[in-house]
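Below, each structure is written out as structure tokens.
Two complexes, one shared chain (chain A), two partners (chain B, chain C).
For the complex of A and B:
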């Protein structure tokens, strides 16, 4: 009986999900031959960041030419898809989910909050580069909306996040089919959040316009309108319920996942909505000048909850393992009415031991 | 001016790399300005060994002389900081503890009379004396030493870095080497070394010693599933931190026994 309960909950969640095109969105048809024109327009807006197989994003722009000449270590470069600065549309990889997320473009791994020299304190007040994030999947796009909730839609706002976010243009790729076996975005309640979204229709590319910002760019191309839209694909991995409150005490099931957990923090570092940070001061030896920085941290580490007196709130690995999942699906929903997980599957894809917490939840759902 | 910290830097059996790493500090002059370096036999001629506030000690205890020196140093200082893998975890010399060592000396020196050298089992210094802080790495990480120095100078408590190598790999967007099928010790090793080995495509060899919160069982299982035998993994773990690794495993076994 209760099994049905789970299924019906999921069904109701789907009604407002992304599977249908939202009515007031404009669609345009761009012939593939004109793709480079669009790319040039985007470059005019700012630096284009797109999924590519390169070593790391700092090196990408400088070493790009060297690497293509000297293919000394293809395995390393070919392994991980990442968001990196891109000069040519030919370099963009249209398939697959990037291994690393784009969260660093709104919240760098290390961000200066203020600097001081003597008794003078200066708040961080730089104007970040204008950037176009090209080729984000719906899961990543929704992550921006979730992070906005946390940092922009409640007081006090995160000043640097606001600045980074304001200078971004989000251009999505619509998923034609599930990008790999770890995707489960259709189990989550995702919305249409983007400035532009591209969809391959063979000869042409369908472009959905989702914002004023996007419309201004597309206006310059003078394109035919188009209303056809395809639904999002069905993922192989399915989360049966996001209502996991009642499973909290079922440690015997959670332990099945916990015993494989290395506490390496890969799941949180790769998660597009994990933005917990630690604040550290970096000074010179005499302490006369320095910076206060926010650095990414992770709830998977024991010292994350370390307090004065050397006590840990979540000293046991099982508590940390559960906390991440409960924060994603339960705690955030209690505050913001939407779950924090976008179903990108990076926490399973990037986990060295590939802990499948989705099936742990499904298993408990079936036991009910 | 007399209130400057009185510092001593010493080494027992070791390669001196950690002491050199102090000399290689970019901020060396600033540090020397801020402290009163009483004793540093490697770096200066006149040394006062008594009444020190902090001593940085590198090296591993391999014989009686080392042990005596270590106890003497401990007596003369308020705070003892173990620097480098030898002092913290035993490092390469301690591999001797994990192989059949009856004829080791003979095989090296080939002379019966040299057997009277009577070396001890190489051990990290906390086996014999109380150690207040540890700075890991082979050689000791320069940045971590600097962080420690600053904390002490500002009168702050030094909070050791308690995250594995993997965290920094992710911060720098170095994709996972384990994913590439390479036997990397990242998930079971302390970070804070700027992941220089993985950045250069070389897997972590665990020179900073086992991560406090490491889940060895899952790690072994993972590597075995990739076709790497346990013997090889143990050899990797014993290279730099065999002693500490053994202590951790013993403790785990003990805990499991008491739980049953």
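For the complex of A and C:
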């Protein structure tokens, strides 16, 4: 196994693999009969969050209660595949994409920045739970590296993000085939980023180790070494280019998608790398004590750019629609040399009108 | 948390919204400028460039971005216009009250790069406040600059800002022209918009133009100047956007791929248009 030479590991709290070198064939072999041993070790590390079916009215931030287990519903009708606290390996679902991302485990939808009483300020200084995110796909694993760029790898860091991030162990499931027709991860330049990653080999599981943290866990299992290599899956949906600068003024094409947009913000809330936020103060009735909070926001909302005087800088829906796509594919790359999109497909899968922006870009490539 | 004044101190920017970042400073002077605008002075040594801004906050109410409108190492001043939730509560603060501040943030006017140039400074309404720091800098170092033209647009006399500085500026050989669009009730003011007092401005290679004001004013003024033959590279505009974090994280202030809070608010015209 390659040494983890992640330069940012010192001090930054970044613990996952940012190996400059791509992983090789080497790994370890775990017989499926011993999966529960691995699961127990992970539970020793922290609360295990894994993909399982959750009823739409069930609180997915809580452990599963016995009542919501329902064997009479094998097709999981009315249920969502979600990342949720999971106590038994039998409940883990090994196929499919979780409806929501795991971004709330580093940046909750509402996060206290500081609390105050009069002029006395106390910064948020809790120690978040240690958690294992078990069963992340390569797209969602890469989202962590992208979010790290914004919140950890440049000054000033987001102190709370760093704390949440440090307490996570990322365990991937390798996709041998796309999970559904909305996946387009093979169009994006994804890296091998994980503490551990599981590859299905029938009777056994091949485990690749991507970090020190992951290695410490695997060490305890005393497994045989193993060689295995898989290519990324071939997705049905293909994005032909991420170089879209030249299409910016082609509103006649963007309009074909924009006309169906409801400005609902589902796409940005489902996106694993959309973490734009608002800052709001919440107080008691007399206003003497309270908290200053960061809350998820969305560039798809008109008031996102509203300033005093009533001006909206992206008041037209088409400007907002384009801003999201350009931020994902172009603007972020200008700053960080990597696209902000991981190809998880949630923004199309979850869009109430299923706006397929991938085809809009492909169409413009073909027009060239 | 620091509450000392009269001392040398630096603002902390290394932790985003951490406790040591918001500094509560007592206000040393408040001047009513117009019905809606108040000038706050803090006698605190701080290093900043004109055009940079502070996030001014009241706990429980919120934060607002406010430009620094002075140019001194001994003190700084903020001119705040009461327009909404936060600013209306900031504007009722009195001398001795504490204001929460973090910053200074953003990329301001790099005055050194303007040395040896003719300067044209154009401000509209409350947009005169951010450029007042530029003018104060020119005033203190008048020998470093060529001709200096100041052009201001206000609605009428009662909306004027920094009139008390005009005689100083004029005494240092700066010309002042004023347009008033509602009522030209100030001596020598022209009835109309700032765009109506640009006739005498002729393109000159060695000129820097600084524009600050409402977005619509910036658009029109820039259009007129470019038509006259000025180069985009010589025009510096202040692009103010909805801001929350002020450190390039929350996404609110993005102008295409640029962040107004960190790459701006002062941009060279060709950087964004």
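Observations
Operating definition for what follows: the second predicted complex is superposed on the first by the 321 of 368 C-alpha atoms of A that agree within 3 Å, B and C clash if a C-alpha of one lies under 4 Å from a C-alpha of the other, contacts with A are read in each partner's own complex, and residues count from 1 in each chain.
As a convention for this text, contacts are C-beta pairs under 8 Å (C-beta built on N, C-alpha and C of every residue); 3 or more make two chains touch, one makes a residue touch a chain.
Bear in mind that the values here come from a model prediction, so they are computed numbers and not experimental data.
Once the two complexes are overlaid on the shared chain, A:99 sits against chain B while remaining clear of chain C. When the two structures are aligned on the shared chain, A:150 is found in touch with chain C, with no touch to chain B. When the two structures are aligned on the shared chain, A:221 is found in touch with neither chain B nor chain C.
Put simply, more of the residues of chain A are touched by C, taking chain B and chain C as the two choices.
Once the two complexes are overlaid on the shared chain, A:80 sits against chain B while remaining clear of chain C. Look at A:122: by the touch rule set out above, it reaches chain C but stays clear of chain B. Judged by the touch definition given at the top, the superposed model places A:317 against chain B, while chain C stays out of reach. Legend: residue contacts after superposition of the two complexes on their common chain; A:283 is shown touching both chain B and chain C.
Taken together, the two complexes place residues 283, 287 of chain A in contact with chain B and also with chain C.
On chain C, the positions that touch chain A within their shared complex are 1, 13-20, 22, 24, 59-63, 83-84, 87, 98, 100, 214-215, 240-242, 244-245, 247-252, 254-257.
Of all the residues in chain A, the ones that touch chain B in their complex are 56-57, 73, 75-76, 79-80, 82, 99-100, 109-110, 259-266, 269-270, 283-287, 295-296, 298, 301-303, 317, 350, 352-353. Residues 113-114, 116, 119-123, 150-151, 154-159, 276-281, 283, 287-290, 292, 294, 297, 299, 304-309, 311, 313, 323, 326-327, 330-332, 334-335 of chain A are the ones that touch chain C when the two sit in their complex.
Of all the residues in chain B, the ones that touch chain A in their complex are 27, 30-31, 33-34, 146, 149-150, 153-154, 159, 162-164, 166-167, 170-176, 178-180, 186-188, 201, 211-215, 217-219, 221-222.
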